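Report on the following structure.
Every chain is named by a letter (A, B, C and D) in the order it is written, and numbering of its residues begins at 1.
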Amino acid sequence: MKVLLRKILNLMIALLIVTLLTFLALQVIPGDPVTKMLGADATAAQAAQLRTRLGLDQPVLVRYGRWLLSFLKGDPGISYSYSMPVAEMLKGKLSVTVILTALSFAMTVLISIPLGILTARSESVRVNHFFLIMDQLFMALPPFFIGILSVYLFGIVLKLFAPGTYVPLSESVAGGLGYLLLPALAMALPRSAMTVKMLRSSIRSQMAEDYVRTARSRGLTDSQILHRHALRGAMVPVVTFLAQSAAEIMTGTIIIEQVFTIPGLGRLLLSSIGSRDFPVVQAIVVLMAVFVILVNFAADLINMAIDPRIRVS
Amino acid sequence: MTESVLEVRHVSSYYTKARRLSGTHSGFGERDMQVLRDVTFSIQKGETLGLVGESGSGKTTLCRAVLGLGMDYEGEIIHHTDHPQMVFQDPYSSLNPARTVGWTLREALRAGERRGKRASRPLVPEILGQVGLSEEYIDRYPYELSGGQRQRVCIAAAVIQRPQLILLDEPVSALDVTIQAQILRLLVRLKKEFGLSYLFISHDLNVIYQICDRVLVMKQGEIVESGDVRQVYEDPQHDYTKMLLAAVD
Amino acid sequence: MKIRKNGFLKTGEIMSLVLATVIVTGFFWTPYGTTAMNAAEKTLPPSLHHLLGTDNFGRDVFSRVISGAGTSFLIALGVVAVGCIGGVLIGSLCGYFGGIADAVLMRVCDAITAFPAILLALVVVSLFGGGMANILLCLGLLFIPSFARVVRTEVARVRDMNYIQSARLMGVSTGRILLRHILPNTFPVLLPAVTIGFNNAVLAEASMSFLGVGIQPPQASLGSMLKDSQTYLNTAPWYALGTGGMIVLLVLAVSLLSEGIQQGTGRGQV
Amino acid sequence: MDQTAGEPAGVRSMDRHGEKEGTRQTFGRTSCGDSGDEMTDRQSQKNSGQQAPDLLKVSGLRVHFHNAAPERYAVNGVSFSLKRGDTLGIVGESGSGKTVTAMCVSGLMPRGKADEEGSILLDGREMFSCSEENLRRIRGQDVGVVFQDPMTTFDPLCRIGRQVEEALTVRGIPKMERRKRAVEAMGLAGLRDAEELYSRYPYELSGGMLQRASIAAAMITKPKLLICDEVTTALDVLIQEQILELLRNLNEDYGMTILFISHDLHVVKKICKSVLVMERGKIVESGETAEVFARPQHAYTKKLIASIPARAERCRTYD
C-alpha cells in the first residue's frame, strides 16, 4: 500500500513537472503572439488591452497556475490563430488520434504476444532463424515508410481504398475504422517485431531459471511450466516495453496522420506549430505527455500485480 | 608478545533501517540484525587469526570495516601496517572479466609502484610461478580459468604488493575439496615465504582448525568465544561454539 | 572479447561496408549534382543513366539518396556521439558515486526517456528552426538520458564487484578504476545502446524532415525527399521506394551488425 | 513404505549381475570393471547370493553430452542398486558425473542434449524405454527431487503453497485436498505455521525454511525415491544439521528411500548407510559408509578423505 501511495505521489509530481516544463518552454520561444494576432499596425493600447485579456501581463508562474486550473476544468485556453476555444478545436481530432493509437496498440499486443510465445516454444533452429530475420527486417521498417508503401500498394496499385478520404467516425463507423486499419498496422508492425524479440528472449531466460527444472521434476509439461510460471516472470519487462510502445505509437500518429491525411491531433499540432499558435501546441503536447505518464503508471501497476517483490521495494 | 599488525577496539556498526527494509525485510525466518557489537581483537605479526560464524553474523561487515570499504562504525581500528589486501570467497566475481590475468597483475604492480614500492619489483611470470601457475596464463581471461586457478590469481594479486596482512573471506568455500586442500597449502607456504599475517574468515570450523593459530567465534555481530584453536576445539566454552563444532563433526 | 562469426554479423558487415563506401563517396562525388534540375528529364523511371530514376524536378534520385543518406549518417553519428559521451559521463559518475545528485539526475533521465524523444525534438526544432546543427544538438541532448541510464546501471553493478574492491585496496586511483577497470565492462551493454541510438537517430531525423521541420530543402534529406515523393507516388513510385529503401538499409545494416555482435559474444538469442 | 529399516545396506556392484539380467553387454564390460583396482567393492562379496527386489537398479549407465569431446563421457559405465528404505550417497567433485547420474535417475535429462546408454530400472520399470509422457508421470509421482539452492528453486512470483502442491495439481487432485496435503507435508518438513506460510511468497522465507518447503514439495506425492542433489551446500552449518536431521527422520520414520548427492563427505557420512565415490564419470569405490571411511581402498577416495579438513591434521604440520 505504501509503495502504491508513493507511486501515486511520484505520478503527480511527474505530471506537474511535465506541464510546467511544457508551459515554460513555450514562453521562451521568440515571437510575440499579440503582434501576430493584431498584425503589425496595431496600436500599443490595443496590444496592451489584448495582453490583459489573454493574461499575458501576469508573472509566468501565475499564468501557469491559472492555465493549469482551467486546463483541469477542461478549458486549455483560446487559440491565437482562430480565436476560438482550444477545447473546441481538439474535440473531434482527439478522438481520431486516440482511436488510431488504441487500434495500433491492440494490433501490437495481438500480433506480438502469441507470436512471441510461439517462437519461444519452438525448438527448431530453422523456425528460430526465420523469426530472427523477420524481426530484424520489420524492426528496420519505419512506420511512415510502411505507410507510404501501403498507400502505393493498396491505394494506387490495387485501388482498395482512396488515400485522403477519411470519413469521421460520426458519419460512418465502419468506413472510419476501415480507413484507420492500414495506418494502425503501419505503426504496429515494427513495434510488434520488437516486442516479439523481447518477449522471446524474456521467456527464454525465464525457461533457463532453476525453478523450471524444479517444476519439471514435479511432472509438469513444458507448456504447463510456461503458463503456470515462466510467462508471468517473462511479462514484467515486456509490460514496461509495451507501455513505451504505446507512447511511441501515440507520437507516431503525428507522422502517420500526415502520410494518410487523417485529421487528427498530429496534423493540428503541425499546423499550430507553423502558425505559432501556442495554446494549441501546449494543449496537445501536455495531453500527449499526460498520456505517456499514465501509460507508464499503468505498466507499473500491472507489474506490481505480477511481481510481489516490486510491491515491497 | 610480538608486535601486532592490526588492533580492533570496541567496534560497533549498525545497518540503517531503510537499508534493512529494502534488503531482507520480512516478518519471517531466522534472520539476524546485521550489527557489530563491541568487537575487540588484534592480530599479531605472522599469525593466522580465524573468524568463524554463520552468514549474517557480521563477518563480512567486520572485514569491510577493517579495510575501510565504505562501512560506518564506532570504535577504533588501528593498522600497524600499510595497505592490507583481501581475497574474496567467490572467485568468479573477484577477477575483472574484461581483463587478462597479466593485466590484472601488472595493474597491481603499477599501483604498488605508485605507493613507492619500486625497490623489489617482481615480474608477473615470477608471481604466477609463486602461486603455482605457468607463464601461459598471462594472456588468459578469467572465464578461461577454473575456480581454483582464479583463486590462485587472486592470491597472486593480493601478495604482489607484499602486504603484511591479508584478509581471506571464505577463500576456499566455493572450491572442490581437493582444490581446497591445495589452496590452503599454498596460503600456508606464502605466509612462511613472505611473513604474512592472515585474518581467515570461514563458516567451516574444520578449515579454520587446519590453518589458524587463534580463532574468534562470532554470533550476531558479537564475539562469543576466542582463544587458541586447539583449546577452543578441545574445550569449547560457549554453547554456540559447541553447536558449531557438533555440526561439523 | 572474442566474437564468433555468424550469419547476422557477416551480412551486417558486408552491408555496412558497402553503405559506408557509397556514403563516403557521396560526400565528394555523386553521379549527378544533388540539386541540379533538368526540365527535360522529369520523373524518369529507373534506367542505367538514372539508377533510381529522376524526381519531379528532373534531379537524379540516386544521387540525392546517397547525399541524403550522408546527411542522415552524419547527424546520427553526431547524435550518438553527443548522447554517448554525455551519457557515459553522467551515467558513470552517478553510478559510481551515487547519492542525491544521482537520485535527482536519474529521475530527470527517467522522465525524459519515458517521453518519446521525437515529440520533444519536433517541438523544439520547429520553434527554434531546423538545420543540421540544431537537429544534431537537440536530438543529441535528448539521447543522453538513455545512455546515462544504461551506463549507470552497469557501473553501479560493477562498482560493488569484488575485483573493484580489490583494485581499491591495491591503491588504484578512483579515476583509473572508473576508466580502466569499470568502463571496459560496460562496453557489452553500451554497444547495443549505441546501435539502437544510431537507428533511432536516423529515424528521428527522417521523421522530422518528413514533417518539414528538419533539414531544409534544397539540401537532400531522406525524410524530406520521402515527403516530396508522396505527392508523386502515382507517377514516380521509384522516388519513394528508393528513398525509403535507403532508410531501411541504413537501419538494417546497423542492427544486423549489432545483433551479430551480440550473438557472437553469446549474449544474443539462438 | 513396506520395507523394514534394519535390512543390510543395499549397494552392490551391478556389473556381474547386470549381464545376466540382460543389460546391454557392451556397457556391462566398460562399467565398473572387474579388476578391482578401478573399483573396490566389499558389498558384492558379502551380499552375493541375496536377491531382494531393488527399488532402483542402475546398470552400465553412460552419458555423453553432444557438445563434449568425443571420448569425454559425463557418466561412464555406472552401475549400482538401491533397496527400499535405504540411503545411498554419491560423492564426488565437480565433473565427477554425480549430478548427471541423479538427473538420469530422476528422468530430468534434457532431451536431445546427450546420448544415454545402459539401463535404469525404477521399481522394475525401465526408465530409458519410457515415453516422455510416462517419464513425466514418474517425475513427481515416483521420484521427488530436492535441489541445491533453495533461493532459486522456487518461482519467485508464485506463492509457496501453490508450488508445494504442484505435483498434485498436475495430477488433477481437487483444490481442498491439495491444500490439506500441502499443509500436512509442510508440517512434516518441520515448518511451523504451515497454514500461514502456504500463502507466502518465496522471498519472504529464509534459506532453511525454503529448503524445508522444497522437501515438502518433493514429498507431497509420497514418492518411492527421494533424490537430494547437494541439498545442504547452500546452507549454513547449523541449518545443514537441521535439514539432515529432517531427512534422517523421513528415512527412519517413514522409510523414505533417499539418494543423496553431495561433494561433502562429511555430510554423506552423517546420513547415508552406503556410499559411492565417483571420479570422472566412474564409480571408483562403494560400500558401507563407515567402512569406506575407515578403510578407503582406492587412491582417489583416500585423497578425498585426506582433503577433508579434519581435526587430526593441520596444514602447518604437513607442509
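One rule holds in what follows: a residue touches a chain if its C-beta (ideal position, glycine included) is under 8 Å from a C-beta of that chain, and two chains touch if they have at least 3 such contacts.
None of these values were measured; they are calculated from a predicted model.
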| item | value |
| --- | --- |
| Chains touching both chain C and chain D, listed by label | A, B |
| Far-end chain from chain C, centres as C-alpha averages | D |
| Length of the line joining the C-alpha centres of chain B and chain C, rounded to whole Å | 48 |
| Geometric centre distance via CA averages, chain D-chain A, whole Å | 55 |
| Centre distance in Å when chain A and chain B are each reduced to the mean of their C-alpha atoms | 54 |
| Distance between the centres, which are taken as Cα means, of chain D and chain B, whole angstrom | 34 |
| Shared-contact residues (touching 2 or more other chains) in chain B | none |
| Touching two or more other chains - residue numbers and ranges from chain D | 203 |
| In the complex with chain D, residue positions of chain B that touch it | 26-31, 54-55, 176-181, 184-185, 187-189, 203-207, 209-211, 233, 243-244, 246-248 |
| Residues of chain A touching chain C in the complex | 14, 17-18, 25-26, 29, 125, 128-129, 132, 136-137, 139-142, 144-145, 148-149, 151-152, 156, 197, 200-201, 204, 244, 247-248, 250-251, 254-255, 258-259, 270, 273-274, 276, 281, 285, 288-289, 292-293, 296 |
| Of all residues in chain B, those that touch chain C in their complex | 67, 69, 83-86, 88, 90, 93-99, 104, 107-108, 111-112, 114-115, 154, 157-158, 161 |
| Chain D to chain B touching residues, read off their complex | 93-94, 197, 200, 203-206, 208-209, 236-241, 263-266, 303-304, 306-311, 313-316, 319 |
| Interface residues, chain C side, partner chain B - complex | 1, 161-163, 165-173, 180-181, 184-185, 187 |
